[in-house]
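Just so it is clear, A, B, C, D, E, F, G and H label the chains in written order, and each chain counts residues from 1 on its own.
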Amino acid sequence: MRPDELKDLLRATREGRVSLEDAASALGRSPVEDLGFARLDTHRELRQGIPEAIYGAGKTSDEIIEIAHRMLSVTSSPVVATRVDAKSASSIVAAFPDALHHERARMIVFRRAQNELTGRIVVVCAGTSDLPVADEAAVTADALGAVVGRVTDVGVAGIHRVLASEAELREADVVIVVAGMEGALASVVGGVTPAPVIAVPTSIGYGASFEGLAALLTMLNSCAAGVVVTNIDNGYGAACAAVRILNGGMRS
Amino acid sequence: MRPDELKDLLRATREGRVSLEDAASALGRSPVEDLGFARLDTHRELRQGIPEAIYGAGKTSDEIIEIAHRMLSVTSSPVVATRVDAKSASSIVAAFPDALHHERARMIVFRRAQNELTGRIVVVCAGTSDLPVADEAAVTADALGAVVGRVTDVGVAGIHRVLASEAELREADVVIVVAGMEGALASVVGGVTPAPVIAVPTSIGYGASFEGLAALLTMLNSCAAGVVVTNIDNGYGAACAAVRILNGGMRS
Amino acid sequence: MRPDELKDLLRATREGRVSLEDAASALGRSPVEDLGFARLDTHRELRQGIPEAIYGAGKTSDEIIEIAHRMLSVTSSPVVATRVDAKSASSIVAAFPDALHHERARMIVFRRAQNELTGRIVVVCAGTSDLPVADEAAVTADALGAVVGRVTDVGVAGIHRVLASEAELREADVVIVVAGMEGALASVVGGVTPAPVIAVPTSIGYGASFEGLAALLTMLNSCAAGVVVTNIDNGYGAACAAVRILNGGMRS
Amino acid sequence: MRPDELKDLLRATREGRVSLEDAASALGRSPVEDLGFARLDTHRELRQGIPEAIYGAGKTSDEIIEIAHRMLSVTSSPVVATRVDAKSASSIVAAFPDALHHERARMIVFRRAQNELTGRIVVVCAGTSDLPVADEAAVTADALGAVVGRVTDVGVAGIHRVLASEAELREADVVIVVAGMEGALASVVGGVTPAPVIAVPTSIGYGASFEGLAALLTMLNSCAAGVVVTNIDNGYGAACAAVRILNGGMRS
Amino acid sequence: MRPDELKDLLRATREGRVSLEDAASALGRSPVEDLGFARLDTHRELRQGIPEAIYGAGKTSDEIIEIAHRMLSVTSSPVVATRVDAKSASSIVAAFPDALHHERARMIVFRRAQNELTGRIVVVCAGTSDLPVADEAAVTADALGAVVGRVTDVGVAGIHRVLASEAELREADVVIVVAGMEGALASVVGGVTPAPVIAVPTSIGYGASFEGLAALLTMLNSCAAGVVVTNIDNGYGAACAAVRILNGGMRS
Amino acid sequence: MRPDELKDLLRATREGRVSLEDAASALGRSPVEDLGFARLDTHRELRQGIPEAIYGAGKTSDEIIEIAHRMLSVTSSPVVATRVDAKSASSIVAAFPDALHHERARMIVFRRAQNELTGRIVVVCAGTSDLPVADEAAVTADALGAVVGRVTDVGVAGIHRVLASEAELREADVVIVVAGMEGALASVVGGVTPAPVIAVPTSIGYGASFEGLAALLTMLNSCAAGVVVTNIDNGYGAACAAVRILNGGMRS
Amino acid sequence: MRPDELKDLLRATREGRVSLEDAASALGRSPVEDLGFARLDTHRELRQGIPEAIYGAGKTSDEIIEIAHRMLSVTSSPVVATRVDAKSASSIVAAFPDALHHERARMIVFRRAQNELTGRIVVVCAGTSDLPVADEAAVTADALGAVVGRVTDVGVAGIHRVLASEAELREADVVIVVAGMEGALASVVGGVTPAPVIAVPTSIGYGASFEGLAALLTMLNSCAAGVVVTNIDNGYGAACAAVRILNGGMRS
Amino acid sequence: MRPDELKDLLRATREGRVSLEDAASALGRSPVEDLGFARLDTHRELRQGIPEAIYGAGKTSDEIIEIAHRMLSVTSSPVVATRVDAKSASSIVAAFPDALHHERARMIVFRRAQNELTGRIVVVCAGTSDLPVADEAAVTADALGAVVGRVTDVGVAGIHRVLASEAELREADVVIVVAGMEGALASVVGGVTPAPVIAVPTSIGYGASFEGLAALLTMLNSCAAGVVVTNIDNGYGAACAAVRILNGGMRS
């Protein structure tokens, strides 16, 4: 509730147009809709610039279907579900003729943003095994209205592959770097572009990669100034951060 | 070297205006200046949008003085040193009449940016013990040309303190959240602003804070979509990330 | 054995009413019943205020059935089993017509407490994926005789959802906060209620949540004074702690 | 602001006794006082049942003095500072004739609670090296108005020492167990008392104690149902949790 | 080769009874038999007092059968296999009419020691879930010729159960304590017996037990002087250590 | 591009034999071939002395087949795939009549090196459970053209088994030591040979081996000067390091 | 209190030779003497076979002096203090003319055992930097009455140094192996002696030794059957374990 | 003792030229010289190709002086001491007129190798703070007889600095890469040279560098095939590994 709305409500209360009970209730009301097993945060886009997504892990397909129906009906925002396994996905998609299943990204896009954001997000991916996470970032960014470019399989052991992509990188307004194993790609990319660089460590690797810990630590210690990092395998979060940046760029 | 510069050089070579030796040398030359104990990366601002800073930890005051002199003479970029202890700082400042020592931030600003960036960075700080890191972020952002706002001592256990700052947060183009102990502030802030949120865990705490690990993990697992994270105590890096974002916003 | 009982026994021994052998045996006897593969601690409720529960993990359904039968026959306390998988549960429930299987909580309640405890426990849960742990806490507390309230899906990224529940929280005599991922909910709740707050980290999350470690560290480092913590996913233990508190409140 | 206060304010506004501006301001006002370098949370006792304490680590003695003065003048709550080193303590105590310095606990009590809480907190301590943490718990609990009992040097390797204290333990309304090294005392105590047991791991030990990690893990995994845990060395937090419990017991 | 054997060989060489080639070969020969995929260390009992066992994990049943056959034919020592899964066990047992399969211990005893060791090993076990590891210790100790006593389900939360077993403990020449979760039993037992105490942490537990790490750290930090520790779940190693002790006691 | 090639290209450009466009393109071109889902680094052998291998984990058999076909057609280097599971392997081998599947090593060799390297690599393996990793090293080294010797099952607890192999070890130009559990073999071998020793920790073990961490730390802390280490289970990398060494020895 | 003592007491009570009050008191009395800041466990030698030692870390020299005086006066057991820093040691030794200060072991021996134990403990030490811990073990064992042999500086990288000591090792009734860095010595020693082997990891090393963690893990994963382990740097505990073993050997 | 020497000794024994006692003694003798507090391994160069060095940490200057004197007198090998602090160094150097103190490397070279090795070692260093470790590698390699090249301050964030050094890298027979923080340099260097690459992580960094752990994990997970790794800060070990390689190259 904004300050001007507050004054309006108080004025209406003083003038008797709103009862005391209604005023007290309005002041205490939360922008939350209760489904019993979940509460929709329908004002989230207003507050955060990004609508709530459906985190599919640990939810049944029926729960996902119910939440998606509700979100589609009460908002006009994009609606996506992440971390949906293949089996759940087919029953969900059957219930929504317009929904799109991105298999490698493990995502379902129920409704894409209606307007294109200004600015370009480039998702750079170190190895082919990192593609599911890179796809999650790319599909999310696209669903939220961004223009998305892709650069794939440019590990630092073949540094010429990275440098060959320098032009593409320099056209990006935001770069998302997705890398597992030693995760060194973020530093190299951060060193050749002035754009914001969001690093996503992946759990790809074995042994002393400790399921992504090695890549995570590498990226946090990047000697390229201003590289920022998300959770391991969090392509979705990286896309949201990139969209926050584009939203901001739009406003100024 | 940009593509158009490359063509120019080749044309000059073909027309004999540039000798073969000079052309080969120019194509192989690295934008690096060697001081013996350090190599200055004088083109870094060109590539990354942010000039190289002097990382003071483990350097003698004489080394810092020599590097600073050199950087001031070969570039027109802002020049700062970070992690300078109090004792080194006084001999360094003595050598540079115009330099400013920020004691709590452990920084020296030799030269500030000459032009103001468009956009506002707000540095939010959970507790008074986190101020040195928050200051490092604020001083760096200011030196690189940003307008900086501050919100201090708004821990989540007094959630009303955070909400009381909502207006200030909503005016930010980028928010930097600095918090130690459980680091939960980043999630709360990320939930009430659409701006990009850069979370900086600090090493403040004891016992199971494990010198910042607890705050770092909290921030990486933030349930607020799109919060990104830097290394523990890395106020400098957070400011650089914020400046990368403002640079980008400027360009579009 | 209480001091007065000890004196009685000694007096009976002196007066010859109890033989030396019987006295020595009584003084050495342990309140433990041996089933061969397990020893029932039948005096536990006397000592700890909470009867022994059957920890189902790693036990066959036959073992659970035998222990439950024995406990029902030698005590009048509530009898529950935790961490019972779905398959075991159905054969167990078949053997006890009065037993209740709580599927999501993975619990079986063989006998509920006969008297209601005074005081109200509220179980607050951050996300829908944390519900199995929250249910374990709620079912246990109910079986031990407590009145239980529930608040669900109030993650800190939507801080307004938490604040909307403030009235419910303020009616609690004990609050149990169940949260995975970054676990920040405990600090926020601890900041808005004067009741004891028991925080239960869950293993929900991925990557740098390290199976609940992130939430555990967050809760241990809570800046809300007086928040206490249980093991990861230990809804049962949180309910027992809450019942210890209500027991105590009763006594004073 | 409680619901009845809200209705009062709205009624006063409707009746013109309070201006629109004042009402809007009252509804938006945060119970926070800004000292520049710190914000006092003067309503914290109202919300949490426990007033804000001054965390001394990383604060100058002047800062502590200023905050203490302010807190003494704006509230009638108890005022304490924790983690104050010996040198700071003497200059602080010099400024407050009524303040009491508890050296081993590293605490200063500026003002004790004016009323005694009903109920008894017993602080049990495994070894003499754990005494600073046990003292922090005991001094805090006393300052907040509790009656405090002490049991000291009862490590589990001499289990008879623990059992010899059983009577004292059984008189407690809340037991705080302070132990380093292997921290097993919490389980044993939890097994012989029905009272709430709050376990505080300490950083006492060497090698594989990993500065308290071993004791922390032991306590989190306690097989005594309902033992809850605080951060390593957090005697202050344990006392606050105990006071929350006594507060609650009072109310019912 | 013992010093006296060496002199004998040299004398025989000098006297021509042994050729130079044979002497050089004897001095260089290793007491190892090569099966291609494994080398049997047939002199191990001589050197270590304990014959080599067959570590079943990662071996096919055919490999185990071949090694067992070979060991039975070239030595008269006891022969056992550990960590044999149920499926492999049945085909192995089919091939050796005299072999005994201990299911819960996951062991096969092909041949037991022919002579009884003097002295008694008591295996104490905290909970029923720890029984597989306790069984591995007991079956191994028995196979190597020891008299084995058992005390089961005596967790520290019911300290009276432990004390009730004090007589049994005091009869032991070596005590093996097997415990998961918080592993505190080792300290309590170490405090009531003068016998050597070998602590075996188990991987039983969940959450912050980190698959036995909590119990391991507890036991390493035991405040009972002289408690020693094996790897997590290493019942076999504990039995070997106990047998080394009984062997030694025999010799003095 | 070598300096002499650069001069040739510039001369050709000056003389008009090469167009400006072609020269710019040649100077910018990357030796990378794009398959859509993967980019082949066809110049890698030139740069690193070792051709790119196909990392099978997380790739479908179809992807492996396509990459292998492409690599066989554009290079004359050896071509191998690692970490190929048994099921994928059979469909892959069906597509390449000349390919060899090494089951225990989980590798497919599509084409072996055409020339033998000078020098001998000896792969020493501590236990039979470590054989899959030792095989990966041996098969890779052989495919890259090395002569490979094997020493198997020589754990340090039977130190005579190691010493019995001293002659074989002393004939090696490079020794690869593969060991899990405590990984001590690397130090012992490093102490008896002057050859380069490459230590490969394996994930074999249980409990406090923490999936190879124990062996990794042991090897990194080896007191034998000059032992170097690879990632856990990285037999492939060890072989590559050994081949780099033989390549170098060849050159001098 | 032993069973026969119990019967005696009961008989005396029945016959009126002991009053009811005295009997109740005797049965409830704990063998603990309270110094205010510490409780002496004067019956510990009776229960554990080893008297309580004074753990010097974190105690003032005055506290150590008072405890030592008390222990010397109430028992006839050996009395030692461990982890006493050099400065405390000189004031302590000044107060006890008969006390011996072992500087490198950081121990003070106030009174040695009056009778020699049968059996020989050999303390083997990997490097000269490990000597303080080896000394702590040797001095403790000697003070408790054992005959102690020493083997020093026999790291596994010079395996011949270990083998050269085989005779000495084979004369030991218990071997204590003290090693830092990679800690592999325990496995090698465990492989060449049938005696019980107690491994003590030390914090000697740097980098990935992680203050003794590497050596600890190595020793826990030892492939030599029956090697047992103490806490890092716990020479005292190893000696106590060895004395427990010799005590036992004595009894049989 | 080589096989031919063994036969000679046996022949001399048979022919009576050597007494039985002398022969037995010769066969049992270890190539170790005992200084009381240390045992010199005078045959180490023979066995390992590298003479024993004096590890200075934890040794007094007198001990270092005595060991150095002894080593200079009994061998003709190079003699160096590592990790010597500045204060010890000056008294040591005073005792050896020919010794050279390398301050930043914390090393003393008492005697350099008399013959130059064939082949060139290049030490590449990421940042100026990593120089002490790089110096340790370079000084050691030089003392052991190698030709050493240096490349300094070539962090990956300025990838052009690395590429500018490609020529120097390609001339190396072995490359040692020294890097802290994220340690990504090893992968980039490993990707542009066919020489063996030995990666040395340093403890330079802060926060999530965890004292070198981040760089260590990065290097272990390097996607450049055949990069091998040493302990954190182990410049000495890297040089020894490089010399083992050059030794080998020499032999073939």
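The rule we apply is simple: a contact is a pair of C-beta atoms (placed from the backbone, for glycine too) under 8 Å apart; a residue touches a chain by one contact, two chains touch by 3 or more.
Predicted model, so just to flag it, every value in this text is computed and none were measured.
Applying the touch definition from the top, give me the chains sitting in contact with each of subunit C and subunit H.
Both-contact set = A, B, E, G.
Could you quickly compare A-B and B-D and let me know which has more C-beta contacts?
When the contacts at A-B and B-D are counted, A-B has more.
Using C-alpha centroids, which chain lies at the maximum separation from subunit B?
The chain lying farthest from subunit B is E.
Just going by residue numbers, which of A-B, B-F or E-F has an interface where over half the contact pairs are the same as at A-D?
B-F
Please tell me the distance, in whole Å, between the geometric centres of subunit B and subunit H computed from their C-alpha atoms.
38
So the centre of each chain is just the mean of its C-alpha atoms; given that, what is the distance between subunit A and subunit H in Å?
49
Return the distance between the CA-based centres of subunit E and subunit G, expressed in whole Å.
25
Would you give the residues of subunit G that are in contact with at least 2 other chains, written as numbers and ranges?
Where subunit G meets two or more other chains at a single residue, that happens at 3, 28, 47-48, 127, 157-158, 163, 190-192, 207-209, 213, 216, 220-221, 224-225, 231-232.
Let me make sure I understand the interfaces: which chain pairs count as touching?
Pairs flagged as touching, ordered by label: A-B, A-C, A-D, A-F, A-H, B-C, B-D, B-F, B-H, C-D, C-E, C-G, D-E, D-G, E-F, E-G, E-H, F-G, F-H, G-H.
Can you list the residues on subunit D that touch subunit G in the complex?
Counting only subunit D, the residues touching subunit G are 127-129, 131, 152-154, 157-158, 160-161, 163-164, 204, 206-209.
Across the complex, what residues on subunit F touch subunit A?
Interface residues on the subunit F side: 28-32, 37-39, 41, 43-44, 47-48, 55, 57-59, 63, 201, 203, 211-213, 216, 231-234.
Touching subunit B in the complex: which residues of subunit C?
So the residues of subunit C in touch with subunit B come to 126-127, 155-159, 162-163, 181-184, 187-188, 190-192, 205, 207-210, 213-215, 217-225.
Tell me, which parts of subunit G touch subunit E in their complex?
On the subunit G side, the touching residues are 3, 47-50, 53, 118-119, 167, 173-174, 190-198, 216, 220-221, 224-232, 236-245, 247-252.
For subunit A, which residues are in contact with subunit D within the complex?
The touching residues are 3, 6-7, 10-11, 13-14, 16, 20, 23-24, 27-28.
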